[in-house]
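Let me begin by handing over the structure; questions about it come next.
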């Protein structure tokens, strides 16, 4: 019997950083959370406690703060690329660098139709994410959106499914479709205005969701992916996670009242969980 | 020695309800979480297990769903008043009814400048709350806003404070002021368009926050309260909770770099916690 | 119209501190979260931005860490008393100091019946809390237990309650009684072994909960309070919060099966919420 | 350009179920959360909205509750195997079934050294998990432990690591090693007393952690894996996730005091994140 180390990685997570980019007329506020993960030749660190190839996670953290001064000036993807290259170049023992950046989104306050130069309000739970990976074969960028809480009150049906001894669900032509969508997509180039791309992808996903005549969550998930790939040639693949946040008809009949799709119990658990990847061949 | 029951209450919390209000041209989607609490003559329930004066919390829940059909048609304050009156009128053993409603805010999706008739997106963490209370002396309405995450990148100073043996904080003329504000205010009438009032209060709070030359969190908290009471005669009192979400300068000097108020560590804990009530005499 | 400041306070929350107390034979590990709140003469801080009476929350934080070295050696109540006295004595503008300490509980690992001298495992969600307050009238200590998740599978009934048009709940002689109990009690002296008291109160609450023939949550809540006050003369009052974590019978009948109190849906929301204070006259 | 569906799955998550197993002398209480995921021939559901091969997630939920009556009588792994086989056998369109079960652990209350027959208290955050997967090649069982919060106050060093321009961390021979460990291991047979195995694995992991002279998190992670594989021949592989919950020395020197590894700032973020898999060849 031989025991050995297999897949492993280490790094610093949740490096929470905010930056004020000082323009002439106003301040730009950005807040991100960066995670660094390194893979490589770390066998002796595990088997012998030999740290000679270990770049401490504390140093990784310092590096992120220090490099943010000069290099975090536009999209999180661009900053991630810089960080990847730094760690890869300076650490020959590292075979793969993964930089994950999550941006907390803010928008400027508006008063009387004018933007305030330095007051901001959170854009909510929704977050822009990006995973930048670099190994021998180059850099891959997978950006995403997380906690996109969307719903439609109609144009959603679910019927003609399998029935068995445990079926109690009623078929419906008209239900609430609510989801806390997470999507991640892979760019096929690193030369893009990633912030603009993010807003375009987001708009595209929302548009398909809103106008689709849904026959199931799967049906809409695929439509959203297909539409995005048709419209955006910089993207080759998108993966989506769509938990079905059920709104269940409350039984008003027991009190002699009708419930014409009006009153629902909003539930968190259990929830349907639908995932899918749509790709371009 | 005599042992006795003092202050007590019971009810159902987190009655999560969604409603589609079906208009001719579009659907209006609303999602709320209702909590009911009853105080009154419940001594024998505690001391003897006598449930004859207990309206089960399950029945309270059913009541909220049933009454939402006809009565949840406008502001959460209006629905709360209806619920209060129902429980108070039907339960002579109850001396006080408290209805707390928290509304999860959504906004319609927009495409090409037009509102979609039935697709919604979450407005984020921010929630509209209301506590409606009824006892012998009548009804009191205390509405609020919760999880209002706001910040300004300048116009915030903190100096000239007490110094002692444990002081290490540096005085500053220019810091980030970020807070996850919670405010609650009491209306002096129940005849108002409460949804409109909410948006007006919110706008007023944001405006003062954005334009105030802050010398401390306390200074801005009071200014927000004072300005609101001056502008809105329907409100007699406002209480605010303003956790100071610290953004701490990262020490770039240790790497021979300057940090001109650019790069910050965004922290959650520990946090300053400032509370205050501003009132009209 | 005159506008003025009413009740207000400020301080530092979530000062997360761990300590190794180094004994001869072993290490004692403690982890606490301290919150400081000061009330007093802070009007001009609010109205004029005058910080001359403000002890910065950053200094409060430093004080807690510094004083922990010498003074955090036994119960959290004792450390809280020291902190109260420090802030009260050194700040004449302060009328009331509130120190809240929450202890994350750990226990030593055991192997072959022996305690390990320096390896610990979390005791779980349960937390020991204490609120120490000092004003002109002296010091008050209110200790507590939080997130005490307990349940019994029988000896719990609920029946003979009010029935109305919205009643659907079935009466029962036998249900699961589960709660995430929070209790706080006030000591009538500051000269106690508070850690020992905590374990005694905890044991007493668990014992009553386990053996009580419950006719309702209220009935058991009161019994727990009454029993504690009868057994522990150092305590004059106890307040309890007992959310009813419902386990609802799953309807197996729809599949031709019987559910003899065996299979339940464990739910989080909505939940019954029962609160009460039991006091000694 | 051709667009197509790639990897996809769907199912019901967070089916929260509790069960009372009624023995002669006492009750056994169990609480689990089950998630079902199906992979298979679901292309037309996505591309055409054809639900004829879709077993609704609502039916999956009903199935779990119904089958729990007869089949959830011992370890979660055994119940998972039954569920896998049911869904696989009845759904020829399904190529792979994944059942994930998370058990919330409770222990009986003890009084005067005796177990109470029906009163329980939570064992804390720690959870026993299991992923049971069935495809054409058979059944795989990967069990795990989650949220195992452990620490040691000494026998942990970290030094002799890479130094670069961003290094500020001091080398140490003696630090706190705290982690919220997650481990998952794969059994090489389905004929085991899985509950007993769980307790054995847990004990083994704790023992290695407590007694290891740690030179780094990686060093201890590997030791824990190696030791387990040496001791337990039913397991071929273990993966561990060990976030480093940093306890950072507070700088008492600024107040003229010494900190001899006594007073620490307990932090949540950022955190080191170390992962590794140890396997038997």
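By written order: A, B, C and D. Residues from 1 in each chain.
Just so we're on the same page, a residue touches a chain if its C-beta (ideal position, glycine included) is under 8 Å from a C-beta of that chain, and two chains touch if they have at least 3 such contacts.
Just so it is clear, the structure is predicted and the values come from calculations on it, not from any experiment.
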item	value
More contacts between chains, A-D or A-C	A-D
Chain of greatest Cα-centre distance to subunit A	C
Between subunit A and subunit B, centroid-to-centroid distance (C-alpha), Å	29
Between subunit D and subunit A, distance of the C-alpha-averaged centres to the nearest whole Å	24
Separation of mean Cα positions, subunit C and subunit A [Å, integer]	37
Residues within subunit A bordering two or more other chains	16, 62, 66, 166, 168, 255, 268-269
Interface residues, subunit D side, partner subunit A - complex	1-16, 35, 37, 42, 45-59, 61-63, 66, 90-91, 158-162, 164, 166-169, 214-219, 221-222, 225-226, 229-230, 237, 243-244, 268-281
Partner subunit A, residues of subunit C touching it in the complex	165-166, 168, 254-255, 268-269
Subunit D residues touching subunit C - in the complex, by the definition given at the top	16-22, 27, 29, 31, 62, 65-66, 68-69, 106, 109, 111, 116, 118-126, 148-155, 176, 206-207, 209-210, 247, 250, 252, 255, 257, 259-268
